[in-house]
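Labels A, B, C and D are assigned to the chains in the order they are written; within every chain, residues are numbered from 1.
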Amino acid sequence: MKTTHINVLEEITLNNPIFIEALPGIGHVGKLAADHMIDELGATKFAELYSPFFPPQVFVNEDGTVENMINEFYYLRANGENNRDYIILVGNTQGLSPEGQYELCGIILDFVESYGVKEMYTLGGLATGHAIEKTRVFGAATDIEFIEFLKEAEIEIRSADGGIVGASGLLLGLGKLRSIKGSCLMGETPGYFIDAEAAEAILEKLAILLNIEINTDKLEERAEETRKMISKAQQMEQEMMNKTVGSGEDDLRYIG
Amino acid sequence: MKTTHINVLEEITLNNPIFIEALPGIGHVGKLAADHMIDELGATKFAELYSPFFPPQVFVNEDGTVENMINEFYYLRANGENNRDYIILVGNTQGLSPEGQYELCGIILDFVESYGVKEMYTLGGLATGHAIEKTRVFGAATDIEFIEFLKEAEIEIRSADGGIVGASGLLLGLGKLRSIKGSCLMGETPGYFIDAEAAEAILEKLAILLNIEINTDKLEERAEETRKMISKAQQMEQEMMNKTVGSGEDDLRYIG
Amino acid sequence: MKTTHINVLEEITLNNPIFIEALPGIGHVGKLAADHMIDELGATKFAELYSPFFPPQVFVNEDGTVENMINEFYYLRANGENNRDYIILVGNTQGLSPEGQYELCGIILDFVESYGVKEMYTLGGLATGHAIEKTRVFGAATDIEFIEFLKEAEIEIRSADGGIVGASGLLLGLGKLRSIKGSCLMGETPGYFIDAEAAEAILEKLAILLNIEINTDKLEERAEETRKMISKAQQMEQEMMNKTVGSGEDDLRYIG
Amino acid sequence: MKTTHINVLEEITLNNPIFIEALPGIGHVGKLAADHMIDELGATKFAELYSPFFPPQVFVNEDGTVENMINEFYYLRANGENNRDYIILVGNTQGLSPEGQYELCGIILDFVESYGVKEMYTLGGLATGHAIEKTRVFGAATDIEFIEFLKEAEIEIRSADGGIVGASGLLLGLGKLRSIKGSCLMGETPGYFIDAEAAEAILEKLAILLNIEINTDKLEERAEETRKMISKAQQMEQEMMNKTVGSGEDDLRYIG
């Protein structure tokens, strides 16, 4: 495999879709939120992305079968009042090298733009390194109008106290260059465990922003399941990615 | 040398061949097993692979001559009841970078597929970091039918306790995308020494799975020889690869 | 984004322009000096450069909006006696990998050469690792005539006590191969804080060399502002770059 | 600069030339020996190689002028009895990344082959990490006949106690694939200082092998000069290369 490629499983047309990205990162916050959304709202997988920029490995499932490093695109037909469809991107990994991250984010944006995407949300965690009493959700956005929109939903604005590293940041930045508006929502989390509370906090805010309903009753259950299913290797993997994409070792205030 | 290339030494046609990969990794388990198999069953080298993704160095042989970094393909005519031929891949190194691993595994699969390969075994070690009383062999596979087949041979199924890093994992994963079925067999080993017992354990299981006979009497002798022949540099090399392909520093439960 | 590209915002023609580079480095000395110059002398942005060799991230501004990794070209119409125009390159990052640095510097030189550049100054800091009583400015140059010119301005010549790592050095070196004459000016600085004094020292020498006037009254104010605006992430970023482009860990005598 | 390129300064034809490589490495042994040979025997520079795989930096000379990372080809007309010419490769750096080393060595071999090279010597140091009473010269070679030839010159054969990392090893290995015969000569050296004794020991053996005379009277003087001229940065550089091309941290028995 020399190049990144997307395998389209179902030909679809979408209505002014909103793109939601939640690749693995800090506390698996974004991934947990998006996986729940896919399951709860019944999203359908329509494309798979494989890349030589992913880690050179496989994961082993519960039943002993191997699982490739993959990013997966789901679509969701409109059930919100605004009548718009969704594309949700989840997966078990991100690109490893800086150049790989740029290429992958470019390819992902090309792909979702071909379905008419002009708006996106990227979901992640914001590690604090210490226990959290009441999970806050922080936001950053491509433009000041979007920032105002986030404030209306009582999302705290993350001002100049750090960058957003990895796909959640880069998709937003490269999207901005293509006039795709968007926001990165970050749920506060102590750090390296599967954090259902942070995921729930993000989903609550996302439901407000998208004007849809997302039942989060089963989220803790899902978190528990995820904790069991996510192998040691995946956790090792995440640590490696965190190191690779450039985190400080002593400072956890960044996003994968 | 700008690109990976394969130098074919002998034009051959094979009968529904099974592909066996055993590039260097933890405890040289897979390599030792495959080298023994090649010697014991009289396999013939028919192709060599060189790559700019290998480490930029040579090894020095006992007699002072230098040896390039190389992967070598052997074929073995059918001697099992199932009447199928074999392609065995061995070598003194693996790709260093993630992108290199993806490109190399892709090229290797292209090559063996051109001989009709639809089934593969990748051989490796599973490091425990401590002494082992009775060597177990663990397996993972591309699909659930293959898992059942491994269970029949009393191979333990490795469920969700780690990824498989490097060629042994990636060949299996990328093979799965091409509908090549296969399994990774991992012999338990304390870690960084040439482990004849783990290699023997793997060969015993492989003989069952392939329905062939492999005499392992000379294996300890070969291990001793390998210990002498494998230079300090090669051991340094392995450590470097282990670091490069992303192992945790404190956790040895992964496969090279 | 697979390749580095430059987005030209305004088509201009310049009169025998002098190129000034001040990408982020040690103590933000060069960047602070150039940002001040742009503001004080009223330079106009005319082109933006984006690259997959930049870190895969965005910065977050004071207002919560995201900012891409970017290099920016400004032009300044002649106000010195010598009647020559200027191109000033600033930005929030440099290339990460060695290959990336080479490609970016080549592209930058191609671009400024197309406007007729035959002379350049690269601005940076020279970290001492300890407090400084009176900031000295050191210089290196592409040729011995330029060295003499620097000496006339009482710039100390930096002889054989270290390399110049990163864009400030590489642009000079690659420029030399294209017959672009130039000098790297390095303001002594303790190291990792926003150093207005070093920037002022550089601007004083640059004003002499260019025969222009640059009011530095507001420089300390700007430094303070920069200290506030430059997020923790950017500082982390700089440390990462310093590590990546190859500094010694114990020796701070190099330039980013 | 996107690609490695060679700038030919003088069109020449050579008589069955022998290629000698001595890029920087351990103790600057090979470089010191080759620089001495170039000066003592009056070799002429005829080509320069620049590459994006070199470190992204410049060195600063004694007079304050900057010096690009470079590899330089010299030729020397026959003065030995065997009537053969020489190509000598020296420089201030080697490729940084594994892929870069492969590409550079391939390009170098293409280039010298175009002058008819069928035989080569690569010169380096073999670090012991401790003081040496009588400097030994070790050799490795592409084939067993060459090993015998080395033995006749009382060069010790380096058997299986380590690899040869970097250009000195890789040129030999890749040369072997092209039927260029050759040897790597390694002068024992404590390690990280400019070692005139090791260089002298290598030159003595090389003079025997090439059947030429090389006066080494001025070698210590040159070593002293080199010690002064080689900046701190170059030494930092070398350390970085050593780390990059994969040495063990505690073991110095390898060659740059």
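Keep this in mind: a contact is a pair of C-beta atoms (placed from the backbone, for glycine too) under 8 Å apart; a residue touches a chain by one contact, two chains touch by 3 or more.
By chain, with names taken from UniProt: A, B, C, D = PAC2 family protein.
Quick caveat, the model's predicted, so the values are computed rather than measured.
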item: Those chains which touch chain C and also touch chain A; value: none
item: Cα-centroid distance, chain B relative to chain C, in whole angstrom; value: 51
item: Distance between the centres, which are taken as Cα means, of chain D and chain C, whole angstrom; value: 36
item: Where chain B touches two or more other chains at once, by residue number; value: none
item: Contact graph of the chains (line, ring, star, complete, other); value: ring
item: Chain-chain contacts as defined at top; value: A-B, A-C, B-D, C-D
item: Partner chain C, residues of chain D touching it in the complex; value: 1-2, 50-69, 96-97, 100, 228-229, 231-234, 236-237, 239-240
item: Touching residues (chain side chain A, partner chain C) in the complex; value: 95, 98-99, 101-103, 105-106, 139-144, 147, 150, 157-167, 169-170, 172-174, 176-177, 184, 245-248, 251, 253-254
